Amino acid sequence: MLRIRQLSKSYVPGKPVLSGIDLDVAGEDITAIIGPSGTGKSTLIRCINRLVEPSAGSIELEGEELVGLSRQGLRLARRRIGMVFQEYNLVERLTVMENLLSGRLGYVSAWRAWRRKFAPADIARAFELLEIVGLSGFAQQRADSLSGGQRQRVGIARAVMQRPAVLLADEPTSSLDPKTSVEIMQLLADIAQGRRGGDRIPVIINMHDVELAKRFAQRIVGMSGGRVVFDGAPAALSSDILKAIYGGEDWLH
Amino acid sequence: MTEALPSPVWRRFSGAQRLTRFAVYLAMVLAIVLSLRTVEIIPEFLADAPEQVVDLLTRMWPLDFAYYPRGVHDALMETVHIASLGTLLALVLAVPVGLLAANNVCPWLPINLAAKLVLVSSRSVNSLVWALLFVGIFGPGALAGTLAIAFRSVGFVGKLLGEALEESARGPIEALSATGAPWISVLSFGYWPQVKPAFWSIALFRWDINVRESAVLGLVGAGGIGMALDSALNLFQWTRVAVILFAIFAIVILAEIVVTVVRKRLL
Amino acid sequence: MSSGNVGRVLSGAPAWHRAGWLLLAAYVVYAAAQMDVSAERVASGWHNAAHFFGRMFPPNFSRWELLVKGLRESLEIAVLSSALGILFALPIGLLSARNLMPAWVSWPARLLVVLARSFHPVIVAILFVKAVGFGALAGILALTVASVGFAGKLFAEAIEEISLKQVEAIRATGAPFMSLIGFGVLPQVFARFIGFCTYQLDSNLRNSTMVGIVGAGGIGGTLFAAFQRFDYDYVCAILISIIVLIMIGEVLATGIRAIFIDGASFATLFRRERRAGGQLRLAVADD
């Protein structure tokens, strides 16, 4: 469903951050991308919805080529790609409900959105999602009055509101404490498997916590030096492979 | 689940809030419509306006720079002096009034209100009107201009000073009072250090505005470049008007640069 | 006791502080000399001032119809120039925001804003009077230009301080451009914008009472005429009316800010006023 071929990105010519990435994602619940800092994990994720422009290569989502799409085409395609950010990126001054509804902005005209006239089905779905992420009753609260974990739940709900074909998550737990990180990962896993109402959505998560990745992901992609060096089940992730990805052993113990 | 629940409704604002907001919108639209209907504008003049403006601009070109040394420079300098002295005088005058207006420095309500009233009145009367007043009292010239700037700025500086005082931390003040220090020591060691950066920032800000304001005071005879502008306008010497406007523009930009540099280095 | 303390404050300051104070004192003496400020002038001035104020009180409201007409025209000028000015300042401010717009868009917009701000509204009013004739039109145009200059700059600065992360998230949902502005940019700056709009309305109200002095309509013309006829008691009446008008404007501005920023409604509006500080405060807006 998501086909990436020979994806490359260089911010500075001659120093590629991503070199010829090939990746296929087809509905396997959670795919975790791990690797050391600076190895292009975040760049890879952001190339998929072209928040970062690829230098070369092709990205196909449900058969539609994303690289080289016009502005309008890209905008329409982005509706089908949900994104969860490390720092939540909620609109702080808006309420939780408004943040959720902003997931539907791609489907509603700007004028109606401004007047907050969203479809009743959207509003019903928003209330449903609030319950799914465990934030019923928070609809009218301002986003900046929430804790980090609560904000990330809103961020996830916003992404799911888009009814996306794929959910991208860029270090979603890096700003959260360990307990909250597990809760968020569980929420993402449940959503990926369609356990809390709704369809299954493949989730691609870029993360640096290997233990969390092994615990919740069904597939692990290890990156090093801008290339994919491992692609398989968590069980197959031996210490040798981790050494190859991250370099050095001390951190393993 | 197959029970058909009614679709939940969501509203951004409560009923009372919506009503109030709507009332304000309505009032605004009403104000605009009423103003449009009753304002006395001759439609031909409105239609003519762009053409007239362009005509005026063409008459100002080329700028008569030769006029500058003789007619403009001294007046420009006088304007800067008016602005600077006026601001300084305002700072001196504003300190006592600002102190009296701050409810933590001066706890007696009637005095607070009186001081605040003085500040509001000073702000509400325009510098041009103050200039008219002082030209009537002291005669035309830079003295009237300086006093006008000073009296106009007292309100501005005094109010911001009062607010800065009211927002300063009580802790050091209490500690100082507890040592039995006289009130002037409490002022200089307790309040002043806290208020100092805000004070200089306000002073700079006001000086910047006053440079602009001083430039026009001459139109009513209170000295500065405004007087040169007035005579050039009355004689329809548009190229000279243009040079004077350019000089004013330059001095305003210069003042802003000075303020930005001083802000960065001292504050 | 007090001079000793002041002395201690001054002597404790670093050397260049003291040099600064001396420089300031020297400047005051120099500038005052340039301006022909002599003791006799100040003395004769005091005498005149007493005479002056004597003639101003009691204020004379007998010609109140002319007064009301002038005030109404000033109000009209203020309302229309604020509406027009803010209408233009919003898009121009957005276009001058360097974090959202490319350089070839933002620099011309910023230049426009700087030009609009550099000249005192009175000067702009004079130019418009020369161009479009005496009356309210010149005043409205002049204050519209001033509004674009001041509010436009404030809008641009507020936009340049937003967090682009929130904008990025909205962009990632595939929202159209106007929704990007409406949901990503505007919520972050809305509260400050309301403050700027009320500030501009207040500023225009003050200026509208003045542009009449140069013929651009409003109560300023009435005031100037009264001055020239030495009708100082009438002048006093006009000044008092102006002050009252401006104070009413400030109260309204505070109310608008409370309604749109704090979400007040008619019910909570007046409760809020009394709760602030426990005692009745003069609700005054920023200058």
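Labels for the chains are A, B and C, by order of writing; each one numbers its residues from 1.
Throughout what follows, a contact is a pair of C-beta atoms (placed from the backbone, for glycine too) under 8 Å apart; a residue touches a chain by one contact, two chains touch by 3 or more.
Just so it is clear, the structure is predicted and the values come from calculations on it, not from any experiment.
With A-B and A-C as the two chain pairs, more C-beta contacts join A-C. Taking each chain's centre as the mean of its CA atoms, A is the chain most distant from subunit B. Between the Cα centres of subunit B and subunit C there is a gap of 6 Å.
Centroids of subunit A and subunit B (each the mean of its C-alpha atoms) stand 50 Å apart. Distance from the subunit A centre to the subunit C centre is 48 Å, each centre being the mean of its Cα atoms. Residue positions 98 of subunit A each touch two or more of the other chains.
Chain contacts: subunit B has no residue touching two or more partner chains.
Considering their complex, residues 1-2, 5-6, 9, 24, 27-28, 31-32, 34-37, 41-42, 44-45, 48-49, 52, 72-73, 75-77, 79-80, 83, 118-120, 122-123, 126-128, 130-133, 135-137, 140-141, 206-207, 209-210, 213-214, 217, 220, 223-224, 227, 239, 242-243, 246-247, 256, 259-260, 263-269, 277, 279, 282, 284, 287 of subunit C touch subunit B. Subunit A meets subunit C in the complex at residues 49, 51, 75-83, 85, 87, 89-94, 98, 102-106, 108-111, 113-114, 155, 158, 162.
Residue ranges on subunit B touching subunit C, taken from their complex, read 13-14, 16-17, 19-21, 23-24, 28, 31-32, 35-36, 38-42, 45-46, 48-49, 52-53, 55-56, 77-78, 81-82, 84-85, 88, 103, 109, 113, 116-117, 120-121, 123-126, 128-129, 132-133, 136-139, 141-143, 146, 155-156, 159-160, 182, 184-185, 188-189, 192, 212-213, 215-216, 219-220, 223, 229, 233, 245, 248-249, 252-253.
Those residues of subunit B that touch subunit A in the complex are listed here as 7-10, 12. Looking at the complex, you find that subunit A touches subunit B at residues 95, 97-98, 116, 120-121, 123-124, 126-127, 139.
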